[in-house]
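Below you'll find the structure I mean.
Think of it as A, B and C in the order they're written, each chain with its own count starting at 1.
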């Protein structure tokens, strides 16, 4: 077990190096002089400052190690403006919790929707319930998240006024308002994921329900719900877990648009704005943080997988 | 409508454009002035207390170090709450003292003496004095882009603690207008100006509200200035500004109740808001006074538009009515000149040609004959889909005249730096807000460093030179009458329409037009997008 | 054997009665047909037998003979939606299980009748600790507390001969050997003290050395608890020493049934005879035996006319392909019944038919 985690940590470190390196390269993929591109309207003194900050005159590898050293210590560079320019870290530390909350809520919501429906569809496989759910899943896959967002905004926000259509409320400020403000964005992101998860769980669950140990559990007179939840769900959820981990990438992509629509001050909106302002140092940092986050999430999923399946745990 | 693109134009535009209104008295009609279906009557006496959330179309992420910041109209709205300007326009369009007690010229208009209102404090408790004013004016004179507007100032001197003298290089009649500058020449506390690192984010003014906190992209909250120099004002305890970039989301936020008041220039949203206002669901206040004009700007230093035939061909080939119907739902007013009807310089017939496809073909063929049978145009626009749609439409209109256009989509910063650097043929632009034509000197005079179109037109230059030095206010009004005609004769621009701004609010929000001016003489005059924050109140 | 008044009383009794004096299990004319895309599969086609408390019935047949479907039909575990017109009665202590719904059946399953399955690897939940799998039945049927159930689970693991049960209780199935796993399954099945255990090939997946241990364990537990057992196997030898009665199934029907000793001593059905004469093959997996006859069991969608065994029967005559023999008692022992026109010990079909034909030809 320990050796397995050790091996995985080494892999993780290697992937993180690659991810950060490509994020770092972003600046160098810009056409022309990066300093001139990032500061089109500024003074030469500002451009010189930027070159010094980034170390543009040094060889690429030493630039990278320097950048990485700062990145690891939480120094993500800064915005370049005529007056000062705040550290990127300050922006990110405000934006990251918002995005993380959005992603976690979306993921949880997707699973909360998908698991019961997936179980139901598998249990009633081939019946009208199953067909109804499958059709619904197909339909929700076909709706882009931002379209769903707009529809939800119109009906649940503007017409019925059940949920706010924009803005972010801190949890500490009012937990109720916080969840209300996060519901529409999280749901917009979650629905398509829920459809994917549901279909996946359904097919895995149908396979699991054919297993002898399910028959054994039935022959012992266990109630159906107990068989479905305690016997069938866990062995059916391995691929669901893996896909849930991978789809964090999809969610991050969707979150950028969703944050812009709902004016949630998250990383997506920060990137969106940094790109339009040519704050590529900030873009670089955001991309690196998101990339690392994605890699780490999948690392954690890998570990969870081990926790979920004792066979993998003991095989190591 | 292309909110994001426009805000960026507006950013540089407002950073540079010199707003001076009808100097020397109420010229222009008020035909395009503010309208409010529900009117301002029947609002009752203002009530103190309460707080509102104000939805704006852009975040001012560059901050509020006013002397250097590029502020969009949205940013100026925020600045209006924290800062006061030395002068403001009144309803007649005259610039009257506001934070200043008086702004008086010497007889030859080469010196201006600014006397300050006593007893005014900055939010940090420091006194508003002559040293602070000099510090501010000097900062503006060295601002990245604003320096061009203040280039005519030779010197500023502190005469006594409450008096500053400003010396000009050449007589400058329109100076009081520059001290308002669409409301963006706010007086910052020395503590803000001197703290270079935090100047953009630690705002300290004398205005009706003080900064509470600002989380970029989320909210900027200001609190009532308890020691405000205008007794009894402001009414509100708090304003929270929220950047909501998407125009329809701003409308949704207002209808859904998350926003109490919003600011928009989206024609489609304005249509929708008018409808809701007609049903009594909300209040809408529209203002086209001193409006900016949307136009296509041509660079005469580059082929093909170095040839007037090419410029005339695209002007004739552009069906602006169709364009306005498709892009704006027909809401906006077509413009034949850069000046809005209430502005000095506006003339009923500026000689802009009508859409004429046959004539366009003739011009295009003439151009092709001279240039090897080719007539290729590159139009630069932002990545904003609405702008791209407009460009596509233009391309198809021109194709009918045999003009082959390609669309180059760039980010906003590139669009602006290309304009500055001259690396473009034609772009989609918006500029020329408000008033005294002298303020357009920087854009069109052959001697200006930021004449983006790079023409040197003797007729245009002569008009500007006469107008700037003319100290007879009555005659000065007519000095600019030939300007639009001269520009149209040169065929430098495809004028499209006047920008339309609306401020929509819930029905319990009042006081958008502000209270009466401190020294009497009615209310503050409202220009285009900006309105004062000091008079806002909510009924309970 | 029973009267109507008694039957009514049993129906009212929610749980099995101990004062019932008829056979524990009385299966009458049980029919289990499935709808499949290929047609109707007649997996069990009119099977009847009885089993007294504490006794063992062996059911023997090749794979595909219907013995597994039979065992699952008893507990209503067949896929319900595919069932076509289920017929017959399954009287357990006089109560018919056949018309019961899932809810009623749950009271019987595990509590009154338990099952163990062939492959202990697949029949145990791989992601659940073995202790929890035992505890579940106890908690569901007896409403036991967690702590009590755990104590009982450890006790049961000890009873089925698992060393250091206090440790094993917290292990996962894959951490145990095959024999151990089968012991765990027995512990689960016996946790609620059922009156009847259906053991479907309980040793088939195990090593030969372990097979006997498991069967011995089953035998011991059976006599301790006075439990009836239905022991299903394809291997007559496995069943032979342990069953009181043996039923041989072929193509969904019982083809021979009787007391074990009688069946071995006076085998009548040629199929039973073939099973007995099948021989172990060294190259095959340890528990398979080679049938002494060729061919495969018939397709249950369209069974052959006449005696279902006739296409493979070395003794079959003309009649066997036309007319199905009834399940009739042997002349010597009424408890020994079989289906055959030309039973072992008499002339083969062709011989008998030739003998019958000859005089006829003489007449002509």
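Here is the rule we use: a residue touches a chain if its C-beta (ideal position, glycine included) is under 8 Å from a C-beta of that chain, and two chains touch if they have at least 3 such contacts.
Given the structure is predicted, the values throughout are model-derived calculations rather than measurements.
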Chains as vertices, touching pairs as edges: which of line, ring, star, complete or other describes this one? line
Chain nearest the overall Cα centroid: A
The distance between the C-alpha centres of chain A and chain B, rounded to whole Å, is 41
I'd like the Å distance between the centres of chain B and chain C, where a centre is the mean of that chain's Cα atoms. 92
Please tell me the distance, in whole Å, between the geometric centres of chain A and chain C computed from their C-alpha atoms. 54
Touching chain A in the complex, chain C uses residues 72, 75, 77, 81, 102, 105-111, 114-115, 117, 119, 122-128, 136-137, 140-141, 172, 174-175, 185, 188-189, 192
Complex contacts: residues of chain B adjacent to chain A: 4, 59, 61-63, 65, 68-69, 144, 196-201, 215-219, 242-246, 248-249, 252-253, 255-259, 411-414, 416-417, 420
If you look only at chain A, which of its residues touch chain C in the complex? 126, 211-213, 215-224, 226, 230-231, 234-235, 308-311, 314
Which of the residues in chain A end up touching chain B in this complex? 40-43, 79, 81-86, 91, 94-95, 150, 153-154, 157-158, 161, 164-168, 260-263, 265, 269-270, 273, 275-278
